[in-house]
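Presented sequentially are two complexes of chain A, the first with chain B as partner and the second with chain C.
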Partner chain A sequence: MREIIQEFFKKTLTLRLFWLSTAVILLFILPLFISTAYISLISEMLIMALAGCALNLMMGYTGMVSFGPAGLYAVGAYTTALLLKKTGIPFAATMVAGPIMAGLVGAVVGWFCVRRTAVYFALLTLAFAQIIWTIFFEWYDFTGGDDGTVGFRKPELLLSINSSYYFILLIVIICLILLWIIVNSPFGKTLQAIRENPVRTEFIGVNVKRYQLYAFIISSLFLGAAGSLFAVFSGSVFPDYAHWIKSTDMIVICLLGGMYNFLGPVIGSAVYIFLSKLISGYTMYWMLFLGIIVVFLVLFMRNGIAGFISHKIAPLIQENKETEK
Partner chain B sequence: MDIEAIMGQVLSGLSVGMVLFLIASGLSVIFGTLKILNLAHGTIYMIGGFLCYWITSTFAHIPAIFWLALILGPIATALLGGLIEIFLLRRIYAEEMLYQYILTFGLILILGELCKLIWGVGYHTVSVPWPVDGKMSIFGMIYPVYNIFLICCGVAVFIGLMAVMRFTGLGRIIRAVTFNREMANALGINVPMVYTGVFMLGCWLAGLAGTLMPPMSVVALGTDMAVIIDCFIIVVIGGMGSLSGAFIGAIILGLVNAFGISLLPKLTIAFGFLLMIIILIIRHWGLLGKPE
Partner chain C sequence: MIEVEGLTKSFGGLTAIDNVYLKFKKRELSSIIGPNGAGKTTLFNLITGHLSPDQGKIIFNGRDITNLPPHEISRVGIGRSFQRQNIFPRLSTFENIQIALFSAKHINGKLFSQAKNMLRDETDEILESVGLTDKKLMQAGYLAYGDQKRLEIGIALAIEPQLLLLDEPTAGMSPRETIEITKLIKKLVKKRGLTLIFIEHDMDIVFGISEKVKVMHQGRIIFEGTPKQVKANAEVQKIYLGKDKK
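For the complex of A and B:
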């Protein structure tokens, strides 16, 4: 028994904690070594990682494929941006208002959406997101329409790129820890049961629709948080944040990293944004490469990078160790 | 709004609606049989438009080249569709909808960029071909003949498709595969071939719409994105997989857009989505679809 526990600690916990804490420490000391251009790139990765993880709670863990996460992301972004621009309320309050507003919108949208399944659910989320997009696009007097909402105040503390990086890093880590707790709670396990088999889960006395709605709302909250962060990070918000192309970006990030892994979207976001900057630096046909990557992923790597590592590479390493013995 | 303006709006709404019907009917037939939501369908339409421009401008010296393009363009998109089905889609029928969505999204990117590579980023126009150029008068009002020609095309294709589905052996086979794939397979129908055929039919329809549209509009990158969303709205309103539903849905959306632009320009885009949401909430199988 003791050996098993020790083995467990050695193999999973220590390794994972070790790598995670190294990564976090590295992220904290990074600004000392690299230029601000890369810092803002990493900030973007962090925000998209949060959005991806939030979407993944709904998609990977509960099995609800949404085509419209960008709508809720944009609600968070616009709420924070408009509050900063039009009112004098404290910065912290606007950062809280973004996610809450997204959560409220998510509650209304989700209430309708969870009544439908599969393709109808997906199309309904798409239609709602497009409505949100239309509102931001057409309500020129309030949101600035196509020109976006720009030029809102930022707290002095966040004016430099490094300090805004630390702010984003801190919030993203807190949100990811919260999501991790949710995913591993009994509630999170119930969501996974719903993903595996909604009918059976209903039979053991779980109100599936209600749980799906809760997952939808929580996912919206964190999508809103990511949106708020991005509004503060970029200093401008545009209707296209709500567009279905943006939603598809988020889905690709989840898929690229691996949907059935908690940190999958984090890896996906880093690789996706890195590749997009790298390739679009060389060619104007970046979308062509993205398309090829996406098709390749679907055909050959459905579990994403994280799945590839844990299914293909990890067994190889273990085999090597065993042969060494 | 006087009667003349209203008739004008109806006519332009119907002619755009009929082109949308051609695209949406392909999307709907593909979804009905293959159970795949083909996001790249709008891109196939766009390629049809580029082919029309390319053929008419390269071989401009040949008389009646537009009509030749109208035959060749859709055939080319159908062949492209066949390749896509055989090499890509066939591998993912058993997978979740998410993968189909993402795969066809990847196709949007690849095909769109290839169009950019081949035909550039500019706008192209195609002149209205003889003998459907010019104007004609109906009840004393003057309309472009081409719009009426488009409406006739849409109605003709609708009737033709319905007839094929109802009265021919081919239509029976397609309906059988749509109804129950395993049973059709057991009865000796070559299901994979039917799938390829139906997908090619859908792409042929999109290509047909793509070649018909340029004389009335422009050929440009990005038209695929606008069109595919419209098609989703149409297919949802009419019922996914239903041909007559797509016909009704296209007429509704065409008219809503035409009148919306002149009455409430700001809310026009939203109307289509609102219709889609309402249908999905109260009657998600659509106006003419069958409840599952």
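For the complex of A and C:
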């Protein structure tokens, strides 16, 4: 623990952390300046940023491309929503139950999925997410089917848009810090070794399948957390949260922001959600634009926006620094 | 230390390893030579659990390790390098070694401590021993070919094996580099008291490094002896002169 704190302070002195803290402070004072419509947009960005980072633990760090993250996200959302609607247990408990349930479902789904690699892995994750979608859709008596689960209680504290924004901001920051600690731990480094070369990792004595399963479960926990947050943010939960379109959103957020950068999905989420609102506000052709974005990313910006900044722009700044010396 | 008994492995109709019996003593520096396609790599793949044999047994320090998964075989003390370079390309040279050490020390399950400065001295020591100290912050994928081969050896050493299996560690290197690497391997193996099995298709390279040489041809061991005996053996010469028309 002491190491972590020391590490934290050492990093604070570097420029990157300076910008990061500035951004966080800005996020905290933002409601003083802008309208609630934007605050709710940013809330959504924060939640999808968390979902993106959670997915990225699996995709960017472990090298397992999942097409079904939305399934686990929806498990978190439904768990919290249904508990709020049907039981009287404290709000905090419902917020914890979401991620835990998603983690449990993730353990089962992951157990099957890690037995296959690459495209078969991706297909399995997609299939499981569609199974989850079907359950929420068909189990009308319990989940409300395609009418969704709506009208559940919310603590008074979260009734205003601004206060729910602070709640979301706080939880997302805590989750991101936890994820950051995890990806920089020996465990996180081992996941990166698996991404780079699973066969070689096996031969340094790592049970690769088991570590992939752990990554799957941790990723599911945080996807579930994002889902729970979205449930209380929007006050309603629908089967489409588990739909592959939602999964695609998450994947594109990771790609757009940059998979090989911890904060990539955060940038990706902000840009993606901003664009989606902007474009779908003007035209009905969001899917067309989405297609164009994906084509552009894959052809020209393989490492996303964060990769573009750190490979193309940061070296320019670095050079300036060096010539100054 | 390690014994292979009646090992057999076929791929479709091709018998890559054909009823092989081998014995390697502790701290012995052995090599297996044979033309390309003789089955040398397949033998390593069987020993390290990458493939499972059709028949036969592998005994390591008195324990039957046949059919154990690779990660468990690594853990009992068998480290290997691969014929084609097999590193973690987008991680730094330092991290390549460090992660292998995490595994060796059973701490790669740690979730909440920061990896950056862990096992720094141990990692540096291995980097030093394979001559990569000044390239430790480089992304491993950008290392020169020869340095990647050194890194491979470093990774294999980092898991603290008793038995080291090296699959053509000098393949594709210049003659000068080849001499350097073989000297380095010999030094490291002696210093750490390891048992070494070294695969090579080029006969000349192994004579400097091995005490025992086993000659493999079409999945069989056709001759065993000291480098001198191998050189003098007519059958071995025939295989090499017949096949190795480079």
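We adopt the following convention: the second predicted complex is superposed on the first by the 305 of 325 C-alpha atoms of A that agree within 3 Å, B and C clash if a C-alpha of one lies under 4 Å from a C-alpha of the other, contacts with A are read in each partner's own complex, and residues count from 1 in each chain.
Methods note: contacts are C-beta pairs under 8 Å (C-beta built on N, C-alpha and C of every residue); 3 or more make two chains touch, one makes a residue touch a chain.
Given the structure is predicted, the values throughout are model-derived calculations rather than measurements.
When both complexes are overlaid on chain A, chain B and chain C end up sitting side by side without clashing.
Comparing chain B with chain C, the partner in contact with more residues of chain A is B. Contacts of A:Val252 after superposition on the shared chain: chain B is touched, whereas chain C is not. By the touch criterion stated above, A:Leu170 is placed in contact with neither chain B nor chain C.
Geometry note, superposition on chain A: angle between chain B and chain C about the Cα centre of chain A is 80 degrees, to the nearest 10. Of the two partner chains, chain C is the only one touched by A:Val208; chain B is not. When the shared chain is aligned, no partner comes close enough to touch A:Val24: not chain B, not chain C. In the overlay built on the shared chain, the residue A:Phe187 is in contact with chain C alone; chain B does not reach it.
The superposed arrangement places chain B and chain C with a least CA-CA distance of 13 Å.
Residues of chain A that touch chain B in their complex: 59, 65, 67, 112, 115-116, 118-120, 122-124, 126-128, 130-131, 134-135, 137-138, 244-245, 248, 251-252, 255, 285, 287-288, 290-295, 297-299, 302. Across the interface of their complex, chain C is touched by residues 1, 3-4, 7, 181-182, 184-190, 192-193, 196-197, 199-208, 211, 260 of chain A. The residues of chain C lying in touch with chain A in their complex are 48, 50, 69-72, 74-75, 79-80, 82, 86-91, 95, 98-100, 102-104, 107-118, 155, 158-159.
On the chain B side of its complex with chain A, the touching residues are 37, 88, 91-92, 95-99, 101-103, 105-110, 112-114, 116-117, 225, 229, 232-233, 236, 240, 266-267, 269-270, 273-274, 276-277, 280-281, 284.
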